[in-house]
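Each structure below is given as structure tokens.
Presented sequentially are two complexes of subunit A, the first with subunit B as partner and the second with subunit C.
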Partner chain A sequence: MSHGATDPTMHPEVQLSTSKGYFLGFAISIALMLLATALVTSHSVPPFGLLMVITVCAGIAVIAQIYFLLHIDISEHNIWNTVALVLFIPLFLITIGLTWWMFSQLYLRTMDMSVMSSVTNPAVHAPATPKLSDMSGMNKNPDSGN
Partner chain B sequence: MLVDLPGGWSPLLGRLAWSQIPYANPILAPLFVAVVIGAIIILGLITYYGKWTYLWKEWLTTVDHKKLGVMYIIIGLVMLFRGFIDGLMIRTQQVWAVGPHSSGVFGSLHGYLTPFHFGQVYSAHGLIMILLAATPLLVGFMNIIVPIQVGARDMAYPYLNALGLWITAAAAALIMISLFVGDFAHNGWFEYAPIFELQYSPGVGVDYWMWTLQLVALGTTLGGINILATIIKMRAPGMTWGKLPIFVWTSLAANVIALTSFPALQVALGLVAADRYLGAHFFTAGMGGNLMLYTNLFWIWGHPEVYFVILPAFGMMSEIFPTFSEKPLFGYITMVLASMAIAGVSWLVWLHHFFTMGAGPFVNTAFSVATMLVGIPTGVKVFNWAFTMYRGRLTFNAAMLWAIGALFLLLVGGFTGMMLAIPAINYMVHNSVFVVAHFHSMLLVIVYAIFGSVLYWFPKVFGFKLDEFWAKTMFWLFSAGTVLVFVPMYMLGFMGMTRRLEYVFDTGWQSYLTVMELGIVVYVFSVLAFFILLYVSVRDHAKNRVGADAWGTSRSLEWMTHSPVPFYNFAVLPHINERDELAWRRQHGIDQVRPEHYEDIHMPNNTGVAIILGGLTFVLGFALTWRIWWLCIVSLLAIILLMIIRSFKGDPGYIITGAELQRMEEEAYRREAQVLDSHHSHPVSGGVVGNAMAYQRNDSSK
Partner chain C sequence: MSAHASTVDPKKAELWDIHHHSHDVISTRTLGYFLYLLSDGMLFATLFAAYGVLSYQHSYFGGPTPAEFVKPWYTFGQTIALFLSVLAYGFGMNALKHKSKSGLINGMLAAFVLGVIFLVLDIHDMSHLYSMGITLASSGGMSAFMVLTQVHATHIFFGLIWILVMIAQVMTKGFTEETVGRLLTLRMFWHLQAVIWVFVYIFVYLWGYIS
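This part shows the complex of A and B:
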């Protein structure tokens, strides 16, 4: 238990951080994000491949951030960071896993599957947000509520 | 611009215009005048008495966890009052607007609120009560009590603590200003996709809702990190996990939930922002959007959140029962395990909020079973409290009454929760007022625990007890109000009354609604009793002063230091021998031991940075709501710059010398002796008394 006036920057877990590491983590994340955005906006890859590529990008970004920004390794003085990461795994599985299961069951009952397939294989690109004036039955006065 | 913005927009003022000020509204305009006059009077009084420097130095720039906690609680109480007024308005509208022949005023066909305004009132009521009343009140108590109970001098990160408070204050200010500038959301406290999309809710209401929630989430997450770090790293020597006071355990469980679940909400809100500000389609009905995903994401946070607010309340009850039963808490270990189990299971049940979405029998059954599992640890707790009181020497003072009331409400809320957890029943009563009654029973558990804690810990923080007579009067009025409002609500739920009705079509429900209106009037009287309670207690405070152990039967560490607690909490950090350290010391006759000599201690400095950052956060939230882009950029840059400057400056803290400490301690002891009028001598110890260690000695390990 550490109390008192010791310089917090001398703690071993703080010593792990270097500005080079932070910049590298930041740069890698930004680069991957830009790459993914460029691929999505240019539609240069077929939809399924696109999904794969951006998933891989996201995966690399996560690893880079864990390593460069969060400094998670298995050393003794980093034990709390590691514990936090381990705690995250079941939560990740629960939220993503159960959500996936829920939606797969929900779609069976509520979605028109012929429409669903167009998500992965769209015939035309979806139009941008429709103009307010184009929408029938829209209330155009922001003050009057419904 | 990326989205097709309805209504006007100017570069200078964004969507803001004079027409957004509701000066013609018959309710808001007089209220606005009253608020302005009230503010002028308060500011005038502060100036007249020359209290600005005091206010700035002692409160606004403080990093003292107790003062920050008190300010959290004040924010919570103010917002509780605001939310209560909303509740009063909802009840009054519903009792008025029954049947086609009911009258209407103020432009409303029935009752006095138009559907649009009624929607705003219940949306604000829900958001305020859960996130700006219950949450700050609980965070406030955790702030005050946790560091003292673990034997620390402050939180792990005092400056971060102040930052969390001022961001929460910014959120409260943002939702308050929505009363007078523009509108608030009118689609319910948790909103729905796709009605919150810009096309369907073109006003600023949803934006107010979104940024308020985003700010509270940020503030609470910062607070959660701090409390976790404090519990893990700052425990006094000798305090192993098995000796941690139970309130600390529940705070730990609660903040693990907060830290892990709030990000889900923040992501969901961020995606809503992308939809509304950037024209994205995350939650739209078509074009690749998925509106069910919003409900899913919201409740992934939403259900853990309800346990985030109930667990500290459980901890409060677990502190109050033993003190006034003069027995240790029954089943400490099971209590700890139950808290952790509740925190764990709280992650597995969120789908019970939308059984009716239609995910089918397998999914619904799984979540139904998981939901019912929560009943096991909760039941363990109820039995533990009952066994704590069993054969105890019970004192039925006001704090104890609130705790017992909480226990009964927990049963009501728990059992109705179990009913709702059965999908077949849920399909019948989902979105009825039965659900509203269920979660109000649960949230009232929290309110009861909080008022119990106000009474219980008030003498610790301020050095004198609150008036018993008025506290009990308030309790009975409040409880009468609770019965009168919520018993008919359960019944109406069974009869099929849906929630959020601004017009009640079935005249057969009139009598029930009348009883509920009566109940809310009784609540009004209990609020008055609370104000009288505060007034009488402050007036008579000299008569009600207390010593360190205000109740004489307290058990945990916070009762070992002076009341009011000095800013350094403990002059010499105690050495922890047992779970209920004070009870143990009393038993061994060393509860009066004083340290033999004092060493220098190190304390953090005050800082004005936190409140300035809070103010800038408010400006940012306001600018985002009204889409005043230049102001967003300016305030965001200012926030980032200030944070960078502060982090380079750091805080070296300052030293209180042993001599100074000794002087302050002796003065505190003198004051206490006057109060208690006690003449018994106080043994002095450098550490070991008999075979027990009272304080950590210098030679023992650090």
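This part shows the complex of A and C:
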């Protein structure tokens, strides 16, 4: 005991641990990842619908982990963590969203149309990208994707 | 005012609180560390943004795309290892709540072993790509894919070292304000890796596999 006055294991941030909470955080997120993996490998849902479904899976899993593992709630000892996280989320989304938007606009205006078909619709097999058939070790057919 | 002036002797009145109030050192440190972790989250935001703009078909320069080499069930194995590691660390922290040193160390050892399994699976995956001739230099898309996934793996690597250090500190120093505070910050760090992995797994591995 470095300061002698109090037992550090009695600190509220230690005492808020519960095995049940950690297990729930684990069980919910692993179940959602299992669901997402099964849906993706079964190819039973069209790509756009699949993206929506796995995005929802990710969202619920992250919320469960933030609540059960990081103890983000409005209790007295966690409120400032919660405030910081809530203010962080827009920064996170704006950084990714605006960067992606800017580059998608750039690609729209700088790529030729044969490339565009693959940009706007990844499902289209566009023979547009430069082929580097002599790239070392590339034994795969570049068009075999998608 | 006059009533107050008659009862308070200005020469003896305490105009400010001179008593010593101890800070809640642990809470101050955990909040500071949480803010640091959020800035770490911004690091991942830039890497996700880079992957977002470098995951168009032309980004792969005619070379392999994640759709060709990602094996969802293999990476799901990594997911299980990491989430179990996070769970084991949580159980260890629950033992700390009951002042059980052996319970804490067992939980941390299990978290360490499972974290090593995650890292070994990741390294095996990367060396498999390398053996197929897919490297960081194959294309912009591959650079973004590998940097993002391996920055996360680097976090796991340093977290594993931190777990070993904390096992040693708990064994030698016991439950002091310093060690307990560090165990709490390590819990935040380790549990946040699971949150970031959800994004990496869903939006890089699985979305890369289907697009």
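What we mean here is this: the second predicted complex is superposed on the first by the 100 of 146 C-alpha atoms of A that agree within 3 Å, B and C clash if a C-alpha of one lies under 4 Å from a C-alpha of the other, contacts with A are read in each partner's own complex, and residues count from 1 in each chain.
Just so it is clear, contacts are C-beta pairs under 8 Å (C-beta built on N, C-alpha and C of every residue); 3 or more make two chains touch, one makes a residue touch a chain.
Predicted model only: the values in this text are computed from it and were never measured.
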Quick check for you: in the superposed arrangement, does A:48 touch first (subunit B), second (subunit C), both or neither?
neither
Message = Looking at A:80, would you say it contacts subunit B, subunit C, both, or neither? Reply first, second, both or neither.
response = both
Between subunit B and subunit C, more residues of subunit A are touched by C
With both complexes superposed on chain A, which partner does A:108 reach: first (subunit B), second (subunit C), both or neither? first
- What is the contact status of A:99 with respect to subunit B (first) and subunit C (second): first, second, both, or neither? both
On the A-aligned overlay, A:26 touches which partner chain: subunit B = first, subunit C = second, or both, or neither? second
First (subunit B), second (subunit C), both or neither: which does A:91 touch?
both
Inquiry  = I'd like to know which partner A:36 touches here: subunit B for first, subunit C for second, both or neither.
reply    = second
The intersection of the subunit A residues contacting subunit B with those contacting subunit C is 1-3, 5, 80, 88, 91, 95, 99, 103, 119, 126, 128-132, 135, 138-140, 142, 144-146
Interface with subunit B, subunit A side, in the complex: residues 1-5, 80, 87-88, 91, 94-95, 98-99, 101-103, 105-106, 108-110, 119, 126-132, 135, 138-146
Per the touch rule, the subunit C residues reaching subunit A in their complex are 22, 24-27, 30-31, 34-35, 38, 41-42, 45-46, 48-50, 52-53, 56-58, 60-65, 67-68, 72-73, 76, 79-80, 83-84, 86-87, 90-91, 93-94, 96-97, 99, 132-134, 138, 175-181, 184, 188, 191-192, 194-195, 198-199, 201-203, 206-207, 209-211
Contacts from subunit B onto subunit A in the complex sit at residues 3-4, 6-7, 19-20, 114-116, 119, 152-153, 183, 186, 199, 202-204, 232-237, 256, 260, 264, 279, 281, 286-288, 290, 292-293, 296, 300, 347-348, 351, 357-360, 362-363, 573, 602, 653, 655
As the complex stands, subunit A meets subunit C at residues 1-3, 5, 7-9, 11-15, 17-19, 21-23, 25-26, 29-30, 33-34, 36-37, 40-41, 47, 50-51, 54-55, 57-58, 61-62, 65-66, 69-70, 77, 80-81, 84-85, 88, 91-92, 95-96, 99-100, 103-104, 107, 111, 115, 118-119, 122, 126, 128-133, 135-140, 142, 144-146
